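Presented below are the structures under discussion, each in the form of structure tokens.
Shared between the two complexes below is chain A, which has chain B as its partner in the first and chain C in the second.
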Partner chain A sequence: MADKPVTEQTAVADPITQVVAVLKERFPEAVQADERKGFSGIVVDPRSLVDVATVVRDELGFDYLSSATAVDYLGKGDYFEMVYHAYRIRQGGPALVIKARTPRDKATLPSLIGVWPGVDFQEREAWDLMGIRFEGHPNLKRILMWEGFAGHPMRKDWKEAYYEQDNKPFDSRWPGGQVSRAEEHNPYGKNVAYPEDFTLDGFTPVGEAANYTGLNMGVDITELSSPGLRTDRLIVNLGPHHPSTHGVFRMIVSLNGETVEQLEPMMGYLHRNHEKIGERNTFLQNMPFTDRLDYICSMSNNLGYAQAVEKLMALGPRFQPPTYRAEVIRVLMVELTRIVNHLWAIGFLLNDLGAFFTPALYAIAQRELILDFFEATAGSRLMCNYMRFGGVSRDLPEKILGIPLLANDLIRDENTMDFLTNLITERLPQAVDELDNYLSGSEIIINRCRGVGILPPEMAIAYSMAGPVLRASGVPYDVRRAEPYSIYADLDFDVAVRYNGDIYDRYLIRIDEMRESIRILKQLLPLLDETRGQDIQAGTKAYSPRVPEGESYGRVENPKGELGFYVVSDGGQNPWRYHVRAPSFINLTALGEMCKGHKVADIVAILGSIDIVLGETDR
Partner chain B sequence: MYGLGVLKGMGVTLKHFVETYIEDLKYLGKGKRSVEAFTVRQGLRGKSLGLFTVEYPEEKIAVPERFRFVPFLVINNLDDPDLPGADWCTSCGICAKVCPPQCIWIVRGTDPETGRPKPAPEAFYIDIDICMNCGYCAEFCPFDAIKMDHDYELASYDRIGEHIFDKKKLSKEFRYYRSLYPTLSAEEAEARGGWEHKDVLKAKAKAEKAQSAGAPAQPGR
Partner chain C sequence: MKSNGGPDLNGLHDPDFPLPEGLQSTIAVTSLDRVYNWSRKNSVWPLLFGLACCAIEMIATAASRYDFSRFGMEVMRASPRQADLLIISGTVTKKMVVPIVRIYNQMPEPKYVLAMGACASGGGPFKEGYNVVSGIDKYIPVDVYVPGCPPTPQALIHGFLTLHKKIESQSIRTVPWYRSGESAGIPIPILGPDIIDPRQAELIRRQAELAASNKQEAAPAPAEA
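Then we have the complex of A and B:
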């Protein structure tokens, strides 16, 4: 309807159009604008990809690489496309989307690890799942799949063990839905395809040994003959089954005495190919799956995905953006989630430091009440599945009410707004103050945390760190301010920042952020009263919404960092590509650097201060 | 002074420790498990100073109305005067289509005489091992026929035999649904125009229409 204003706006205000023009002038042969309908950014000739990326970073100021992922366009041109989203960390603003294409049969691209070191794990992921070889990557091996795995599961022609059909809904479910279990059709042992020349007898997993080769192990003769106190190099496997790893996460550490020389994170033990499931699903069906990424913050995961798909739907006709009340409720939920997460993170950081569970239980006591509220509103404490495209699933309930059904059940009956007001104005501030009082001044914590695991700001940006870890290093970058979404632009809050970049600052910044969240929540209470009774869903809620062709990258400031969803639609019911830029995953890129030179016991604390969730790391 | 921070922190611990007992003392006569003590302990009324812990399974938190667990099918009450035990489900298949893990299996009913589809399921299965309790089926069912249950204690000793729920196991009377969801069921009944089964409502509306259509025609005759 409003064609003209849009073009005017892009011509004047859109900095990306200017950047694309500059790049096209600079590299007339290698750079082309992506002209496909619904797509944006530039397509770069792989041969000059590194040059273009260097110019983009150094001269145009896009120093922060948020996401790098591959798309398989099988049957739509038969090529792989690597998609990079780069941002300006100082100015904020939208992304420059850089794309590079490579044929499917000989997929090779130059590695950008020299330009943005943060691309390290993401290129390994693209190699692992899509099979694109990155030339110049120093450690290109599988990252999520196990080392003996054959094939690349995110390729469109790869089929999983219990494959039934390309897209849901499956035809077998209705109208002739005679029930069966997937394992009856594909019994274990027969549901996998082996490479042709494979024999079980001759099989030795190449990977396990390869895991250690990168670590400069082995005995160094010169060192053995050197005078003085001799220490042995030692390889230690930390995890995957260890409570300090917050799940099933493994670190291979090479130690000199008790000092860490090198550390390599290994993940994938909780890998379930979330993205492949996401491509089988319809757009709406993905929503409850996003709950399972970072299962502590399901509400904010929902928001990220909803926004990514809404951006896509906005390309089509008849799209109605979420109503104002829906946005208010969304922000309410997301900020409560932030508090939940930070309480949890601080509690478990203290666990990692050896203060076993007393601080953790104090920290999560008030979390219980927030979860009660989630349960009353969304129906579940953790797996909220609350946001919908264009709104939220249900309005806030009148009362937080439970009906006694089972023996011993007890009635809980409380007006929701009273409950929320009490929670936000009294309980949460008190809880945060108490935690601050309890822990911040403790000499034990200061001694263990100050000056440990330092991450300088340049390195934090280079390694694509996000969230509290980035801001504790003195980089005041917050998506809520850098590229405001929902109603954050109208809200009054500060971006918390600390400057030392050590564990202690990462702890303090979480306290700061909780205080800012409470500040936001207090502003939301009157808005909730004002909008009472208004619609929470724009338009009608459809179970198979029409999503036009195109791409979108929806990112939100999750409590753990920047969570992004890269969604490509071909106009069908299911996303053609669904990629999750998981903050827990990418924040681990710098773990090795942060641990170098520290003691073994500090690794656990450093990992705790990054605050990862393996559901999201491994996907 | 060095060590002051640690002492301050330990003061907080001590405060918590003492408060737990003060809280218990308050409800000494009434019993720790009384309704009053429990709601305060749960922090929903007033400020709970002590622990939040619920001693499951002796104590259980009542779940809120919107709590969702494995779905059930709504059928008419068995003592319903019009259609006792009739299915609300019309086997339209929307729940099976919207289900993210695809755990719902429906055999659409056919009329044995004409062989054409009829609006009732012949068989209805939910594989509860696969169900992820997302609640989409209940949310998108246009006939209010599938709803999320509140009974979360479904553990059994036999995974293969017990965990595929068939129609018999899934069906629950309407009054059960109404007791679980007092607010939602009232909203839905208002939207439908009555508490009864849709066929009954339809028949009623038809009769009314016939009556009202018949009424003005009467005097003319």
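Then we have the complex of A and C:
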């Protein structure tokens, strides 16, 4: 336990130790350090939670709440624990971890929405999935499941309809050679379970009406007649099937004429239970699932999860950090992914602005080249499942081969490094310039984007916005610089920042970031040559690595913002808690505020400029 | 494609009726079924509707490299009223299956459903999830299944070609949409304590009765012992 990684950690955690001491002195009754082995931060008495949080924000400077999630310690003390990760946005540095506990049978905690408004959706999620009531939350409705759903599924004692065993690997699914499917063991032949005495006789579902509470429906239209112009109030539903919601996202909009009065994001239409499945999986089995969070950026998601688990493994005796070549390859993949994502985001923002598909075609054509490289290296275009704890799954191939797509296409047979060099020094810079030249000065784009959907910096911080959205509002916060990971500390790049916080700046900052990524990639090319032939995996590949007891929060600067994985291990084969801090999800917290006062047509543009992916929003 | 720029008659002309050399590019002798299916299969308009990861590959298939407009499919329609093909491109959740069934009901006949990828075909990697439907065919009929996670664009195109074969095999005399009487829509699932398929109302009631009678049987047993 007294190995090198631990001493390194205490050196880094020093400012936090000071903060904890200050808080313990200030609130001797309410604040205690979390003394469990492998855990950190403070445990706060729920009665003083709001006071402590206010001091943490105002006096200690932790103004940015990155993540808030609940853990069910069933059989390990029998309580729910709400875990908050707060950061200093101006200085950077590590998190202050704040915890508050509540008994499982009457789970109630004070809401922190008055301190950090960005906690809004995350508290709703904790209510929905864990069943913790937050007193003082103005809109405590379910967010991922629907109203009327039976139970809170992330509780450890809640079992899904296809429940087999608590933990994988499950027993054989073909005992004695008899293959069976989960449906066959369910009386309904489907993935459903009802309360025992449930029938449809006399049953009324909660239904759609629950979604409209708090949206001022049924107002007398004469009330709205503003001077000069008589308008009606309308409730408009956008989605979940709508061409410009970037997936199955839904917004309920209350309009006064064409002007947005209120907008409520509705989600959960792609809630595929990553966290519940993730807690049944072994640690490594979660890797391919992270691909499917933000399915445009599978490589970046891999890195975030690998780092979270590596942090935990570093507490153990035999951990070896990833080799240098593995780190170089990881950054190569992640920065290529950033370009893929931003190309895609810009293409589809233009779709939303009415330039249907033509700009996107240009963007997708370049993206395909990067995907070819991913496919040659990882074996898959989209779902790369490439990174492993302590390294990557395989080295770059010698050659990139490609199959002909059309009769007159040539079979590609190129040296990988030549291909990469050409891609990074020629093709991608040209592609970015091309988009910039064609789009940035376009009158239509300027008129539709400038001054629309403005997000002031203090609001961006308060709402826990992350990534390009935060930086376009004049907050130069980038995890790669604020809390450097992998080899970013040695690389030369600037944190792109823009100051107006409107759609146009959120578009421009993606162009800036692609240029910075290309700058990083150019520095990686010689490193790839230098490290050729070195190990890509530290230690041995293990199917089920030993992960010691403890918690870790691994965060990376994903193309869409800060992606965090909060993992709690009890020393077993499976994560006890596996939570994803999804930038797409939390960036939507401010959507309602950003749309207020704009016209209905601007909603899609504002949403497009946030750049969400539903796999990550709903998880 | 013929050099004179006319329509591709190769798929249309019945080879049992030989034509003089100069007329082959302009005249075809064929059956009603063949001309009907030939025109339908070359203009299958998909619904502009993406669900999850597979939707990204669907968009890549639509883009210039794979370009499914080669099959007359580039007019993706955002309204189900104008669409012929519903591509279920991703994981179907219980919350989402309600709008999907509604969309399916809104599509006019003839309509086809393509289940793209493992999730749409059978639940895929997320099958055990509490909010996941084990394949869209539990609710609406599926014509073509495309395996993969996600399927590559080539695989999706293969799925389209398979659908073309299915369309070619249909006959105007037997297709359901020209029969008399109205075709009934699929009942919309209900979001209750779990998702409820209204077609299973009777089964759900029987299960509740069974549970109640089991309880009654179980209750006196310890009293006797």
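FYI, the second predicted complex is superposed on the first by the 568 of 619 C-alpha atoms of A that agree within 3 Å, B and C clash if a C-alpha of one lies under 4 Å from a C-alpha of the other, contacts with A are read in each partner's own complex, and residues count from 1 in each chain.
The rule is simple: contacts are C-beta pairs under 8 Å (C-beta built on N, C-alpha and C of every residue); 3 or more make two chains touch, one makes a residue touch a chain.
Keep in mind it's a predicted model, so treat the numbers as computed, not measured.
Undergrad: Let me test your reading of the model: by the given contact rule, A:Thr199 touches which partner, first (chain B), second (chain C), both or neither?
TA: Once the two structures are laid over each other on A, A:Thr199 reaches chain C alone.
Undergrad: So in the superposed three-chain picture, is A:Phe289 touching just chain B, just chain C, both, or none of them (first/second/both/neither)?
TA: In the superposition, A:Phe289 contacts both chain B and chain C.
Undergrad: Going by the contact rule set out at the top, does A:Gly114 touch chain B (first), chain C (second), both, or neither?
TA: neither
Undergrad: Report for A:Trp174: first if it touches chain B alone, second if chain C alone, otherwise both or neither.
TA: First partner only.
Undergrad: In the overlay, answer first, second, both or neither for which of chain B and chain C A:Glu160 touches.
TA: After superposing on A, A:Glu160 lies in contact with chain C but is clear of chain B.
Undergrad: Of the partners chain B and chain C, which touch A:Pro484 in the superposed model: first, second, both, neither?
TA: Neither chain B nor chain C is touched by A:Pro484.
Undergrad: For A:Asn281 in the superposed arrangement: first (chain B), second (chain C), both or neither?
TA: First partner only.
Undergrad: Check the residue A:Ala365 against both partner chains and state whether it touches chain B (first), chain C (second), both, or neither.
TA: The answer is both, since A:Ala365 touches chain B and chain C.
Undergrad: Determine, under the contact definition given at the top, whether A:Pro476 touches first (chain B), second (chain C), both, or neither.
TA: Neither chain B nor chain C is touched by A:Pro476.
Undergrad: Which chain A residues contact chain B in one complex and chain C in the other?
TA: 288-289, 365, 368, 383, 405
Undergrad: What residues on chain A touch chain B, complex-wise?
TA: 168-170, 172-179, 181, 281-282, 284-289, 358, 362, 365-366, 368-369, 372, 375-380, 383, 385, 393-394, 397-398, 400-406, 408-412, 414, 419, 427, 434, 437-446, 541, 543-544
Undergrad: Which residues of chain A touch chain C once you look at their complex with the stated criterion?
TA: Those in contact with chain C are residues 144-146, 148-150, 153, 160-164, 182-183, 187-201, 203, 205-207, 240-243, 247-248, 268-273, 276-277, 280, 288-289, 292, 295-296, 357, 360-361, 364-365, 368, 381-383, 405, 614-615, 618.
Undergrad: Could you list, by residue number, the parts of chain B that touch chain A in their complex?
TA: Spelled out, the residues of chain B in touch with chain A are 2-6, 8-9, 12-13, 16, 33, 35, 38-39, 42-45, 47, 52, 58-68, 91, 93-94, 96-100, 102, 104-108, 117, 123, 125, 127, 132-136, 139-140, 148, 150-151, 164, 179-180, 182-183.
Undergrad: Which residues, counting only chain C, touch chain A once they are in their complex?
TA: It comes out as residues 48-53, 55-57, 59-60, 62-66, 78, 90-91, 93-96, 99, 103, 119, 123, 125-134, 138, 149-150, 152, 190-198, 200-201, 203-205, 207-208, 211-212, 215.
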